[in-house]
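Letters A, B, C and D mark the chains in the order given here, with residues in each chain numbered from 1 onward.
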């Protein structure tokens, strides 16, 4: 269910709250407060008004708001007390399918976090891989209270920016998506490598999970971005290129076994809203890559 | 126990056989026959004379000679009927520590091979990884009898060339060693990358086994070749470079997590007596490699 | 003056000849003959019909047609007997401003060519640099009569394809344009190089003539292709990148003088209708380029 | 005429002065003063003792010493008042063959320099190209008196370090030579490029002067360094590689004209005693270079 910015600008308070009241977790007052600044020229302005409502709220209200957030991967997730949007977000990163051991680990970290800061650990899961969430947990546990209070609010702003972008359409949409793309140049032939098989893996610990399989088109690119239309989850990835197969059927005198067969490019994504172009330039005997644009 | 070529050239038949009679498996006649061409100007000539003795022997003698070779990874290996040299060679590639399943697989292939060709599968194990031996087995099972007879003799020539090179010293040694080396250039700094941690892995199926760990020296190289002084086993390898650590302590503004952390270079070796120079040129945002010299 | 394909398809013979009669030099019969195949579904089909009219004409008619072409850079160019289109084409490559010595050289080659083949040298000048025309002249003088007859017709087809593409609009336009583009990646920073000064030169003999100056935009590209919207003249080019200036104001510790200042990339274009993407990946200490896409 | 450090250590003052008195221009007192610290364990120590003698001399003595140096490219050079060593050094950089205009320019700069600082411009010409000397002149004219006094002494130390290295043999020679080398890898073939023609040019203004021609050997290197056994003159250079010829006779399907023919690598040398390794990795469609080691 989406709504246009124009319609929002024309709504009364009740309609406005009905439309956006669930954006900030169990805090319809954020939408109500933001509406005072309507009309909004851009969707980004709308979200900024909502963030301002949180930032200027009394500390107790902010704290209550943080405390109302569900435990990440916690019991709440199993007991059904989450909003629908929270459920979807947590499922997307695999937090709905933790092993017992992983569940226990997250639970321990969450307990330590709550004991130290007085509110549950909040992170915008769609901007992270499972590994990255774990690293966040460990880093943020080391924060002092003030730093972490700000960090938690920042995560809420990331979460709600995504919700607003999914709910409201109109001018000046906030930037909430990144893009991961590749391109294979066969520099032996001076042409794009056509029909070359590419796989994208995400690392969770030592294990690599296949995310995408594709073949390069006539321009050496995949038909669609490897990841696009969403934030790029912060984490470790590996692209694998079937360079050996590409040259096997060309009469180019490769070795047996070929010097290069599956070429892995391993890299991390740190900017969920960024553009990562990770091309491969290859011959049967050499290759190079770089973060391009 | 080594012997000089000069001493060999001066030996009588009995001494010559004592020195070299075990070179060709259970076939002291090969050494005896080769001695007719002494004196030898080079160690390579000595080995060529021994190969010629085998090549010009009657087919029945050749066949009997092939049949006298031990089963690779076979029962013989466990019953102690191998020459000492055969034992060492088979241990080097991990054939002395097969799992029950692997042992069964080798045994099945060996049985099929013997049933088809009438002699055991022979391969110069020091020129191969375990995976490469398995692939050899499967390929050579497809040969016709004539092709495989020649292939088996060729392997014996590789084996005995190594034995001769280990036993005899003198002019004109045969080329039995390869070299795998690396070099790390930090092209952001325009200097060799110093103190960068490098690991070399060998693949056995999907698993990578650590072979070597090293740090680059002031010239960006490892103090000694990653593999040297022996044939390079044909197979799949991966070099891993700790590029992330290298840049972490330099003030070069890397991302968090860094775009490049562990950089893997995966490549195959096909020429056991060749020189493989596999350098890495890197910045925090790019890298390239090639088979150099 | 352009005409739509639809209008052409509806014209009578007289109108058709008026519109396209000058396309093939002094040979309105080509248009007249092609019209018999109208209507044309695409502009490419129209040109193919015109080429077919030439190919199927009697040899004498073909020869007469070739003979009616002006001498390239010849006296005719100075006496005003060229069609307007021929004049523009010859001016574009600098053939209207030859030195006396160059004029004499072209004249000598042209005389030798006419003496051997019986018709003037014809080349689609918009697909060549001056150097490339000279090399064509020298190569084609070595042809036998049959080969050169076909080569001359092919050039006329290139010339008239450009004329048709400039005169007629509609579906299925023939491919008559190429594109030369660049892109500068600063792989030290992992970002496009912004505001970097780029120059494109064309070589005539040893001298390089400046064709284009540009600065890279926020994506490291020039706002428009270095050459586009026309055939890429076959010839030798050099891109020069002000890499030294780019790094001078960044705190990246370059040498004095910097290892890299003006980086030249020298390359030839061989496919006038192709896409040449010639990027530069650079750090203060390294660079690479390739024909990309 | 060289002398060993051992012999120097055994000489009396008269012999010592006879051997080294000409090292510092018209200042035999420098050698005499340094001798007080003999014996010297290394040649470097000997030179340091001579530098210390200059550094600790009274300012008036230092100034008189600087004033005793010949005008660079000045009248003195023509009147024969130079020591033999000064003549050779100035000839090496082309200062003995200036055009009238260049001579006038150097003269003007020299007059301005002497007017400002009260002594002639001194530079270790063997560490510079002609262009670099000119740039030095212009930069150093902007110095204040104290800075320039130190700069002039530093140049004398470079000059005399070279003289000592050429005159005295023994342990611990000072580092006075650099090395410029190259290496060509054909990454299309995965092998060194053999027999590839390479030229090294030095730029003087816009003109490039050929310094060295060479062919790559079986390892893709030139038999000897492009520059070696002497300081590398600071300046702008260009390596030119005949990549087009290299691929022309290989059946690798290059374009006509080839995308790459003569590949120029243009770079500056800033460290006369450094090692500049400037390799080329190439295919018919791509190349890269870097400052290696």
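By definition in this document, contacts are C-beta pairs under 8 Å (C-beta built on N, C-alpha and C of every residue); 3 or more make two chains touch, one makes a residue touch a chain.
Model, not experiment: these values are computed from the prediction.
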Contact-richer chain pair (by C-beta pairs counted) among A-D and A-B: A-B
Reference chain D; chain at largest CA-centroid distance: A
Mean-CA-position distance for chain B and chain A (Å): 47
Centroid distance [mean C-alpha coordinates] between chain D and chain A, Å: 56
Multi-partner residues of chain C (each touching 2 or more other chains): 187, 190, 255, 259, 281, 285-286, 288, 290-291
Residue ranges of chain D in contact with chain A within the complex: 187-190, 253, 255, 259, 281, 283-286, 288
Residue ranges of chain A in contact with chain B within the complex: 132, 234-236, 255-264, 266-268, 270-271, 281, 285-291
Chain C residues touching chain A - in the complex, by the definition given at the top: 185, 187, 190-192, 219-220, 281, 288, 290-293
